[in-house]
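In what follows, a single structure is set out as structure tokens and then discussed.
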Amino acid sequence: MLTVETIAQWMNGWTKDIKANKGYLNELDSVIGDGDHGSNLARGADAIEAALLTAPDDVPSTFKAVAMAIVSKVGGASGALYGTAFLEMYKESQRTTDMVKILDKAMKAMEKRGDSKPGEKTMLDVWEPVVKAAKRGNVTPIVIDDAVESTKDMKATKGRASYVGEKSIGHLDPGAVSSGYLFHNLFEVGLVG
Amino acid sequence: MLTVETIAQWMNGWTKDIKANKGYLNELDSVIGDGDHGSNLARGADAIEAALLTAPDDVPSTFKAVAMAIVSKVGGASGALYGTAFLEMYKESQRTTDMVKILDKAMKAMEKRGDSKPGEKTMLDVWEPVVKAAKRGNVTPIVIDDAVESTKDMKATKGRASYVGEKSIGHLDPGAVSSGYLFHNLFEVGLVG
Amino acid sequence: MKEVVYLKKIMNDATQIVTEMVDGMALSYPEYVKRLDDLLVLVRSQEESMTNKVGLITGGGTGHEPASAGYIGEGMLSAVVCGQIFSSPTPDQILAAIQTADHGKGVFMIIMNYSGDIMNFDMAREMAVMDDIDVRFIVVDDDIAVEDSTYTQGRRGVAGTVLMEKILGAAADSGASLSEIEALAKQVLPNLKTIGVALSAATVPEVGKPGFTLAEDEVEYGVGIHSEPGYRREEMQPSAKLAEELLARLNDEFNFTPEDHYAVLVNGMGATPLMEQFVFMRDVLNQLADFGVQADFTKVGNFMTSLDMAGVSLTLLKLREDQWLKQLNYPVNTIAMVRK
Amino acid sequence: MKEVVYLKKIMNDATQIVTEMVDGMALSYPEYVKRLDDLLVLVRSQEESMTNKVGLITGGGTGHEPASAGYIGEGMLSAVVCGQIFSSPTPDQILAAIQTADHGKGVFMIIMNYSGDIMNFDMAREMAVMDDIDVRFIVVDDDIAVEDSTYTQGRRGVAGTVLMEKILGAAADSGASLSEIEALAKQVLPNLKTIGVALSAATVPEVGKPGFTLAEDEVEYGVGIHSEPGYRREEMQPSAKLAEELLARLNDEFNFTPEDHYAVLVNGMGATPLMEQFVFMRDVLNQLADFGVQADFTKVGNFMTSLDMAGVSLTLLKLREDQWLKQLNYPVNTIAMVRK
């Protein structure tokens, strides 16, 4: 159930994964981008953890606290995208507690922010199949991993990775990997399945 | 005898030595200075040879032609010093044809220009003993070589070499070496002995 | 005990370098810029000079100094948001810059075309609109090294941005409205093109090694100002050949015609001595003259650098309107650009 | 056939680089400088601005751009003689600069203390005197890294020279006589001190390898602007420690006292990004504040470079006279320094 606690649990799992894999995310980004995706998100992870220490009152303000932490600390493309996603969750959670609906709205806001669609080798290539699976109630770790893996063979046409063009093929998208962590933790907390 | 021809012979010998030893002079200068003494003088050597192609009428104008070639092409400390020497020879040769007197005046002008005295590890450490020997009529190749060698154990206190201080000890002064060439050729032409 | 070995850059702590630089700028040039408390935002000190005028802001990753904070001042920018090195600033900081730059006439944002910058400035704009501030923007994409198609992020914003800032700054200072500035920016943009050549890559302090490596005798054409890959590597060429190559690429875009008028900017990438930049500009101007093209405005120097990268970029702005030349020559008073 | 491998500098021919640079400057900035036919002398374009004023010239080896030709213009220099890289110009060229700078009120020469420069300017002065031009000079020796004694050539002239040029330029523009300028120069000189630190040496194009080599983690204090040796090598330090060391050496000279007033110049050596220079200036200004010292005039940037050397120098000018600060702030209009 969507509560302040489950969100906090979800977030703490995510931030732990980010920090444990900071170097790996930087490495992935240095192959096709500018090598800072892990550092960017690690700054955000610290900020999220700090924000959740003073536990917010309700679900929307929990999402808002996470959103503000990301928005003010991450920077770069991923800061805007994850920030947009959580700001949208904040807004949508005032109307519904259906996590699938909330995720769907967040994804649409990200697509708009990034002027981008699935298939462009971005984090959206994880969001789209996972949200689709969530609607049908069949999210599994394998679904998530497959989505992350699917970015490997794509050619980047958005973000910094688009500058390396063809050479981006054969490498995972760093944002897809960090979104993979996000959904694995969401699944473990039981908010999707 | 001091004539347009003997000066030209003297100069052609000197410029040949300079050009043959351009790299060596640069090397000497790079140890205790800025590595350009050979290049500087080689530019001057070309200019002297060009100037002497259109043979001047008399001794003073021959010295003047050499002086102007040096003054306008060499640059650096050595350009000013050799330029000053030949300008002084131009002036003095209007009064006398005594090469020893002319050299003595040139040396004094150089000392004034360089605000420097023998013992400071410069070309003056060749000029001084050679001019002294010339006054007594006993210049020999050995006198010249000894004068050049004497700069090896000196500590530089003038010019760029003074910045390396103690570390200048143990190395020949490049200006002393090029002045050695000057006097060897003067001796061979028979203008001093 | 092993002593700490410091990366050979003049800094104290790689994670604090941007903050310390921003402080350094404000301390060194209080007559031009002041820092907004706790933010990485620098604002014009001469407040009176902004009264009743459209605010002009820009920002992005740092490491391009003097861009962009060096262009804050009368006749140019109102405020600049400094991100981490080569990394977009966050929307809250951009919002603060918008708020401080707004003097009732709205704010115009000059954004360089990087996906992070666009998204963060866009978020800030949305927030500012909630504050009832009228915000418009242009996305500068002058770097012709990148193929411009729906299959890429599009062309990057590079050194030409400085000329855009100069022209819009003159317009804002002369009292142009927000819509007029927006229209001017849109008119100028398609006439502004840049292409660069790198001799070596930049080293980001937190990374500690260069973004790419070129052999001792190699150059790379079309490299971006964050060491993004270029379009070709080849053996080092004489300056005149480099100029020829870059002008050929620019000619593909402009189609030089005798009597065309251009502004020409040779920009040093950071580690390339001015001596080399002037030699290069000589070759560029001689070759432009051979095309019969007029160079009415010429500038040489480090305007939009890439930390310690070696190389130059060449920007041409086709002067379609006489007004643009006047705006380039309009009085300006900033740290890095002054004109009486 | 083996292709020619070009040294990785943007140039055409190492032996022509100075000539091509001089042409590049004149072509890029005709509103500021023009070249004297066939000579490596650049002269102020705005001739009217020199009427009835003392001419101010300087010169020396090139490779220090924007010094010195970048400082030609109203309120600063009249003409600059460009020698080969790091090598004194010849007297005939200096004489031409004197002649062109003379507008009936005489010419003042700012000479940096290198034996070649001193001798060549001295020869030119003697020639000018034969032309009945009144010529005076100052020998700038602000580099405190070198021991000043009768056993050395004495201290070198480095970045402080730019402040000397600024002050004398203001005086000349205000109509000071040749004797007044000479007196002012002599007054300023003992209050002008500089000390530098190098992270890497410069590479002279014709030589093709750096003047010295420092290990990956080494710096050298007191290096000259032609890669002359400094006074100590040690492991790279954080910016604040570098500032501490340089300020300690300057304090040995000045004996900082609370309420002292100084002009402070942080000068980049060529390859050091502005970002690092601003971080360093922050540390300098904070530490000067700890000494209780006032910094009334502050500037950061590449003013007197050494080709592609990495490092910075720190210049302090003790403002003994209020007039000097006014002269530093006096309007100036040159390529590299403009003030309204």
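All chains are identified by letter, namely A, B, C and D, in their written order; residue positions are counted from 1 within each chain.
Quick note on the criterion: a residue touches a chain if its C-beta (ideal position, glycine included) is under 8 Å from a C-beta of that chain, and two chains touch if they have at least 3 such contacts.
These figures come from a predicted structure and were not determined experimentally.
Averaging Cα coordinates per chain places subunit A and subunit C 31 Å apart. Distance between subunit A and subunit D, defined via averaged C-alpha coordinates, is recorded as 54 Å.
Separation between the centroids of subunit A and subunit B, computed from CA atoms only, is 78 Å. The residues of subunit B never reach two or more other chains; the list is empty.
Across the assembly, subunit C contributes no residue that touches 2 or more other chains.
Interchain contacts link the chains end to end along an open line, per the touch definition above.
Listed by chain label, the pairs that touch are A-C, B-D, C-D.
Of all residues in subunit C, those touching subunit A in their complex are 83-84, 86-93, 114-116, 119-120, 122-123, 146-147, 150-153, 156, 204, 206-207, 224, 226, 228-229.
Those residues of subunit A that touch subunit C in the complex are listed here as 34-36, 39-40, 68, 71-81, 83-84, 113-114, 157-160, 162-165, 167. Within the complex, the subunit D residues that touch subunit C are 3, 5-13, 17, 20-21, 23-25, 27-29, 62-63, 65-66, 70, 85, 199-200, 216-217, 219, 235-240, 242, 266, 270-283, 285-286, 298-300, 302, 305, 307-308, 310, 312, 331, 333, 338-340.
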